[in-house]
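Once you scroll down, you'll see the structures, which are given as structure tokens.
You will see two complexes here that share subunit A, one where it goes with subunit B and one where it goes with subunit C.
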Partner chain A sequence: MGSDSQSRTPSGAVISLSSVVVVFLLLAAGSYGALIKAPTEATMGLIQRIFYFHVSSAWTGFIAFFLVFIGSIAYLRTRSLKWDWLSVASAEVGVAFFTVVLVTGPIWAKPVWGIWWTWDARLTSSFLLWVLFVSYLLLRTLVDEPERRAVVAAVFGIFATMDIPLVYFSIWWFRTQHPQPVMGKGGSLDPTMWWVLILCWCATLGVMTLLIRVRYRLEGLRAEVDALRLEASRNAR
Partner chain B sequence: MSLGHATVAILAKELKTEFRSRELLGTTIVFVLIVLVLFSFTFDPTSSESRRFGPGLLWLAFLFAGSLMLQPSFLREQTNDTLAALRLAPIDPFSILAGKMAANFLFLLLVELILLPVFAVLYNIAIVPVLAPLVLVLALGTIGLATTGTVFSAVAAQARLRELLLPLLLLPVLAPVLIASTEATSGILRDPSDLSPVWLTFLAAFDIIFLTAAWLFGEYLLEE
Partner chain C sequence: MRFAWKHRATRAEYVDETGIEEFRSFYLGREQMKDMKFLVAAYVAIWAIFCVYLFSVARRMASLQDDIRRLKEGGK
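Then we have the complex of A and B:
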């Protein structure tokens, strides 16, 4: 029995010290770049520096939500609960990053636009995405049996991620006021700003990876505790 | 039994159950009426105003109605564990979902068609000249609503607080349908009337995407 429960334990250390150091250095470099190295934007001034972590958090959040999609499909195909752990870990981390996006956005908008919030395309769709995945997490809390929860959450997770592009396009055609993407065509973004943005993105991606790994292990440990508890109650009887 | 036959059989069963009692249809119609009356308090429904807000209110009312009406779709099967019996049948599991989707689509469309004239009278909107495009938009929007709603009804039926959960899951996912059908409807009601092909295509795309998703992943929800 002992060896059996051992094999269920997610193996290895949660995160290695070196990976923490790397992510910490990336964050420090990103902050240095965003706060000091990058040139001050001509019209918006200092407040524009929030952009580096705002945009990179949004990109990272999208990746986390995409991992929910992958985890959900893989769970339905393989029925290995590990994929479900990946889904819940990614969903929580994605919601956290989108919370950062939704908080830093208004902080930037107030001095620049003069208002905290406007119902523009990107703001509205980010808000809706956040709500979608909060619903996903709520749904998970309302189903007790692990396999049931995994199946039900996987189907909803797939539907929710498939909805993302539709939400985006519909709201986009509906209204838009957000500063047009400074990246890509037009390319008015200063090269230094570009590099700082990419650096910040790498840093947030690193944070995302660490958080997902910790959360994944936590979910695995929870599953193990539940299984042991069940075993104990059976033995007691 | 082929997928088509099984779907039709399930659809017939759903229709028979509902038309024996008609409780679902009656309740939903009254609910939407209440919503339409309450909306009239939130702004002055004069003609030019209602042309701007009317379509949105109408679709919002339909969405609320759907999130309540689709609730019993799977819940009803739990009372006598009839879903287990359906699963035992030698049919493609998707046909259970498909039959229920078709039934829910018909129920919702019926409710909408009954309420459309009431809405037109209450909000002073001329719908007779634009009836054909209006019904087309209603049908396309309702397919999306019935497809996602039926799947999520199966999801919510397996959770606690299910009555509260279904609107929570359904409404954010349906935001694109709300936007597209509201925009299409207000285009139709505008003077001169103009049916936007962009929004029609968008609605059709939404329907196809989620029908496919339901076909690929829906049957997992039916297993024991």
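Then we have the complex of A and C:
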């Protein structure tokens, strides 16, 4: 990821116009698929259409949190602050996606289950994952020195990602109110629904990539401000 | 037989009790509008979450760019 001096200089444009256009087209196609093209589910009716962005946001959130894991391991191995920037950018974007999951889930649950929330294994472990990464972001604000902050955050980030398998496998390991998987082994998703879900996932992955790049750039600017302040204080002496 | 739609009854219970056709006619008559409100609420929430997040990142970025400009001007 480059030397420490390089890591203090953010470079290049954040995102290109063409990538923004592609992501907006994917979002438009995904929304069209989810709201119009996909067939209406037999028992849940219209409300099931929440599924496409609820599930794809959850998968994308997992990937963002997994990037925190990769960034944390890489930082501890290389001590390059760019990996720490990747971790914090991914954690914040992952929290945004999991906020979507935790908000759309209850909106879907109320008309179908008759309740907004229940403390079953899938819902509780998802909420715990969100709390862990919010704590990760809060923890970072408590340490001023960048290298020390990166080490503490990397260790906590690795610990927090340990909850991902628990969230994912909870519906197999425990009896839950949350439905069983509809894709892969044991799933029976209509082919059109399947394609719409994949399209929505591509759209959310695109959004994640753009947001992480913008957030990464923000960390670069922050490092530049720190470097300029240090230089100014040296000049003042 | 008409199913008594109680507050805590789930759709699966309704279908078990009345059959899918009865459920569909009931659903189209009464539940669809309610579902539409929940669906709209969910999609509005998704857009709102990302708009708030993007706004927060843009604000932080603008503030840092101001700091950089000020520090560079101060250093000259």
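To be clear about the criterion, the second predicted complex is superposed on the first by the 216 of 237 C-alpha atoms of A that agree within 3 Å, B and C clash if a C-alpha of one lies under 4 Å from a C-alpha of the other, contacts with A are read in each partner's own complex, and residues count from 1 in each chain.
Keep in mind that, in the parts below, contacts are C-beta pairs under 8 Å (C-beta built on N, C-alpha and C of every residue); 3 or more make two chains touch, one makes a residue touch a chain.
Please read these numbers as outputs of a predicted model, since none were measured by experiment.
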| item | value |
| --- | --- |
| Partner chain(s) touched by A:F174 [first = subunit B, second = subunit C, both, neither] | first |
| First (subunit B), second (subunit C), both or neither touched by A:M162 | first |
| Which superposed partner A:L189 touches (first subunit B, second subunit C, both, neither) | neither |
| Residue contacts on subunit A - larger count, subunit B or subunit C | C |
| Touched partner set for A:V22, first subunit B, second subunit C, both or neither | neither |
| Touching partner for A:N235 - first (subunit B), second (subunit C), both, neither | second |
| Touching partner for A:A74 - first (subunit B), second (subunit C), both, neither | neither |
| Common ground on subunit A, meaning residues reached by subunit C in one complex and by subunit B in the other | none |
| Interfacial residue positions of subunit A with respect to subunit B in the complex | 76, 128, 131-132, 135, 138-139, 142-144, 148, 151-152, 154-156, 158-160, 162-163, 166-167, 169-171, 173-174 |
| Residue ranges of subunit A in contact with subunit C within the complex | 31, 35, 42-47, 49-50, 53-54, 57, 92, 96, 99-100, 103-104, 107-108, 110-115, 207, 211, 214-215, 217-218, 221-222, 224-225, 228-229, 231-232, 235 |
| Residue ranges of subunit C touching subunit A (in the complex, touch as defined) | 7-12, 15, 20, 23, 27, 31-32, 34-36, 38-39, 41-43, 45-46, 49-50, 53-54, 57, 60-61, 64-65, 67-68, 71-72, 74-75 |
| Subunit A-facing residues of subunit B, complex | 148, 151-152, 155, 158-161, 165, 168-169, 172-173, 175-176, 179-180, 183, 198, 202, 205-206, 209-210, 213, 217-218, 220-221, 223 |
